[in-house]
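A quick write-up on the structure given underneath.
Note that the chains take the letters A, B, C, D, E, F, G and H in the order they are written out, and that residue 1 is the start of every chain.
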């Protein structure tokens, strides 16, 4: 194991991006992700990359639109309200199939809300906050090291699938500092040639990057079918999750990101009390790892969804579980953090209920 | 029945708004909803109302934010890309609990897409395209008369629940002309006094309209709990849908808006062929009328979801059906329109499959 | 003509006032207390090109607002005939503006109304009324709507703008009715 | 101290360099190849007020990054003592900057390190090092981390900026170690 | 033989060429092109000086001006022959 | 009795008042307020002319100037007594 | 015999502003003008997203807190519905001149009859000191760590100069809160900007050069000097437009 | 002996523009300049959302179609990554001066080394004739049916005048395509705007007053007169800035 250094999640994301060859960053300040533009403003010039502090989040996402069409590995970053402003641009980027990384360091909402961590932008990221049928590859890291590793992968998947990737983090994982091993970048897929790049039409036919499909009348339908085929392919190829003590579990907790860390703490407490609890932690939120949930649902008595929102992630869990077992919920929005104790309580009440029925 | 006049859906929405006392409109041109600002620019001055052609969709939604805080019944309107730009503003308005009407005359996406009708903004409207845990009351009219009637109701529900209401239409229902009876406005609920209005603090304590909740630390959690309670109340009180020939149906089609009209045509053809098909058409998409689906699922053999998207509405149908019966899908995005024939085909194949299993 | 529902398509160049024809027919239908759905199939956020409009008229509730296979087609230029002739329902009807269409229908199952609309408009001295001339011919040879309600619809549409327009359009309407012929399918 | 995991909270006024203390402890932990999570609980998008930071140090994988009930608390001002004393784990430890805290802990189960940090800083001639003085006292009386790794962490942190800072902070560190006392719970 | 050639099917019948021909020797046709639009024709082809103004004002590149044996200015810009 | 009263707990210790007092008769306290911040005190209260500049430059409304028997200009604006 | 003390238009809440922050002075001046014009009970203020977001805790009148950069649009909505009320926006440089550029320019060009108080501290204060559109050339911020202008940031944006080109605008003045003289001038300008609205004259904006000691990382004294020496050079004080 | 005909930089596709639309002339001029400067193979154009959205069907070079109003931001992304390429935007008045106001002002102020072709036809063409920021006072549009100015729309926005206040801008000229003389002047201006970019001089914008017969509901001849008589009054032609 190589030497480790102490980094905040936001900083680790930046350094991983630089290591992975990201050479264009455009963003607009917003707490709790300010370390990102600040780090990039310093780091990009060092690697002959470009840092632009945009006049707005909308300008930033559209600068990324242009940078990606120019062939650069590029990214933008913001937090909840700023990500809402990027929705039109995100819809355009998915249609144009331009690879890029978009980071959402989630904070409390709705509205200006507050700057505590939150997971209430799940629907926006996973179902689509923009218009039209599109998908983002959505990653939910739970540690600073994982932020570092997934950020590197994100650029590969973005290029490989020609699709934007979103890192759905939160104010805690972005702000907390942990030891990180700065692994050198190694592509994890064969990267396709970027034959869509606009670099002047020297010695080739002119290229067009566009999202308008007028003629023939069904041109846009055809384009959507093409996108849907790609999405199906991604769903079949990409699905990451972690299982923790699910083997003999009677109750399985479903949680992602920082919430899963707290859940693990609760599970340790519950195990001490002799309650067999496990955890399934999706790492890719889209594609959603349905199989482990479907499988677990067959064996365990109940599931418990814990999320820092009033119930968004739970819909995908329910669709995956397909009514094979009851799904309980523990969650709130607005910057609420679950504690190990609260989760434990919930687990105990679930266990007790079962015991009763058992009699 | 009073005299009827021929109106486009977009015009009917405007006239209903004026009849219901809407006195502020801000919007930005976009096809296929241009009749709306055009109609309002003419009509508002006639009733001493305000029409503002905003410099952008973002300015428009924020003008509505101010107009609603001033106590006016107000609205904005756009189509898919423009609605994506309003997502931050929508999140703010829901948190500030300001009543208003937002119309999305959906077009083909993602990106610039095209201007054919579409239903691919369902997730954005129903799950939340903006950040944070919030809900819009979402209405899906299927005829010009229904556009007229629901628009009137929308202003009442918005005021009654202090929540923005979205009319989720599409390029067809917005553009098609049908005879409409111009019913006079009658409130359908007891309208509460608007004690939140900012009109200067003469003779009272100053008021604040805000969405930032910092102190105490859990202030935003408390605010979210308040919002969630309101949403639960709305869910228990508001749920509209139409059932068509479901009584003895073996197959039930789930479709909303214009798609449901085409489905009815297909059902008529199917019935001619002796296949017992019915329709459940949600009129409120949020709150989602789960009960009729749950009930039908118990009795019918299969369900068929038809939507002009690659599968968004179907998720709510599945969550409602709760695996009580298989749910088939027929849908595409990008401005694809189902025909009666295509739906009929699908129905026949479903019926055939059952027959087989039946043997 | 399933459950006395009639599906009509109107097609021609952008400038030929296609939309107005649909509008007149739809308003006339409302005047006759019929159910009706009128639609303009706008191609794209752009100008020019060919335009077409559809109208569905029925005694019963109209479900599907779309017209895939029209029972009747009002065609004002050649390209549109090429495009829509194949789609017309079996034993349907087509009206052709012979000034802008050089050929006859290929199909032999269609009733065919012929009117030299653009030329007649020329004579009337206003090219823009070729569309209403076609309406005149259409109503004259079909029992779909009465000439009276068409006249009233035209009056409703133009009186607000400019009474003179009512006059010239009514003139055009009747010119079309008189100077047109209907060939039953051979 | 469950599974040799130690949860620490550091609290004081905005200007007192709370975050730096957390940073020094966390870096020292990394130097000792321990697992560690450091967090700053930033109250709001705004300045001033009281600040606090938390550090969790463990031999094993750290699950929960939050510190609800700290095992040890480094408290640099009165208001923070009022706020955090009740949350400290039973039989835990509290370090108090007596220059800014007029009272003793009410709880009797807590070990208590006392250091007149702000005054000592005054003597050293740099008020801003009161935080490192506290660290010196903290390390002196706990076996959590070695003084060496703290020294290295300080060197790592300041050498880049300005070598002089390393010097003065090391001076402060040792001053704190010497001029502090630890009272075991009565 | 005409120095100016009109691509009748590219033409949109806007009449800019007619409007700006300094010799006033253009008029719109009675006949219509395949878009149903009139296009320019000469009233008096011989008086054409091949000045190129019609080309310059045509929004649709429907005009070609053949400058065989017409003195040109030095200006490089191809549309910039007359001031 | 002082013409100027400092609200020591409102004070943020910025020193604007000290900086702008034309009489240079203010200094920051050694003692700290309940925010841990120093606040202004008189070095020589008698020289205070009640000019109000300290009040005018204080960002935190922590100063009150009692103008008993101090001639004022005609200007209505309360902070506008000296130019 | 008047006594100089906090006006009743301000609540007695302690502000969250840093020591020496110019917002505090600007708040007091706006409040005193509202008091002197006797318009508290018909005034509606719009708070920005920026350090001044908590305006509503400090002002004794109706306040609406807007999305970042949108106060001019929100104020338009309010003023159009309630033309008889007095509507002001209070915005920082990031809010008004970066994300809110479109809303600012178009509200100004429409000649909306509102009053805009623009606090130019050449920095993003609330988020911790990133470059603002008004950050000076060569000035260090957390996103221009070698000084603005090294990496294509362009020169500082001059709002008064920019808006003066708009026919719809009534009144533009740039002042400061870094000396007693400037503070008085600022108050007079703010008063005029409100009076213009009362008189129905249209869009009035006062740009106030203001101290941000925290994010400038300067002492109170050095911050005052920075405004008086550096900022006034880049942003000359004065009246840029006066159709009143 | 040259023959005047369509440049190869334009495809032989028929445009979708209405008869007499100024876009066609502007397209040809941009194309001829690209040809004469021999930069086709290093040029990247950005199409707006507006009637010119199909730019990519007509130009024989790389084109990116952007979201409405965002071409200056997209062009910034392209030019920063590929400083050696020639990047131009082609935008209408709604795109550049309404929804895109922020992107326009800030790209200009950053001095992005790009060329902006701004087609001012005083109307929203593509969407069917709604008021544009540049619609003339008293001018009828589908959203100002009694003429602009009756309901607080404010005066037309003058883009060259506005941008001339920005220190970052290199070159601003307003021309027209309503007479042969103007067409020549427009071409010279466009050529200079591209040459400036080649020479690394920074942000150059050419505002072209252009005909929209369809949405003006005027004949070709009357449209030309409208530009020459009405528009030129509201938008005086000329060079507004030239740091080149």
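Some observations on this one:
The criterion applied here is as follows: a contact is a pair of C-beta atoms (placed from the backbone, for glycine too) under 8 Å apart; a residue touches a chain by one contact, two chains touch by 3 or more.
In this text, all values refer to a predicted model and were calculated from it rather than measured experimentally.
Separation of subunit E from subunit G in touch steps, taking the shortest path, is 2. Distance from subunit H peaks, on a Cα-centroid basis, for D.
Greatest centre-to-centre distance from subunit G is found for C, with centres as Cα means.
Computed centre separation for the pair subunit D/subunit F is 38 angstrom, with centres defined by C-alpha atoms. Here the CA centre of subunit C is 86 Å from the CA centre of subunit F.
A straight line joining the Cα centres of subunit D and subunit E is 86 Å long. With centres set at the average Cα position, the gap from subunit A to subunit F is 54 Å. Shared interface positions of subunit G, i.e. residues touching 2 or more other chains, are given as 17-18, 53-54, 65, 67, 80, 98-99, 101-102, 105-106, 126-127, 133, 152-153. Under the contact definition stated at the top, the residues of subunit F that touch 2 or more other chains are 12.
Taken residue by residue, subunit D touches two or more other chains at 44-46, 48, whereas all remaining positions touch fewer. Residues 49, 53, 65, 67-69, 94, 98-99, 101, 124, 126-128, 130-131, 133, 142-145, 150-153 of subunit H are the ones touching subunit B in the complex. Only residues 4-6, 31-32, 114-115, 172, 175-179, 258, 261-262, 264-265, 268, 337, 339-341 of subunit A touch subunit D when the two sit together in their complex.
Against subunit H, in their complex, subunit G makes its touches with residues 80, 98-99, 101-102, 105-106, 109-112, 133, 152-155, 157-158, 161-162, 164-168. By the touch criterion stated above, subunit C contacts subunit B in their complex at residues 23, 26-27, 30, 33, 35-40, 42, 44-45, 63-66, 68. Residues 12, 35-36 of subunit E are the ones that touch subunit C when the two sit in their complex.
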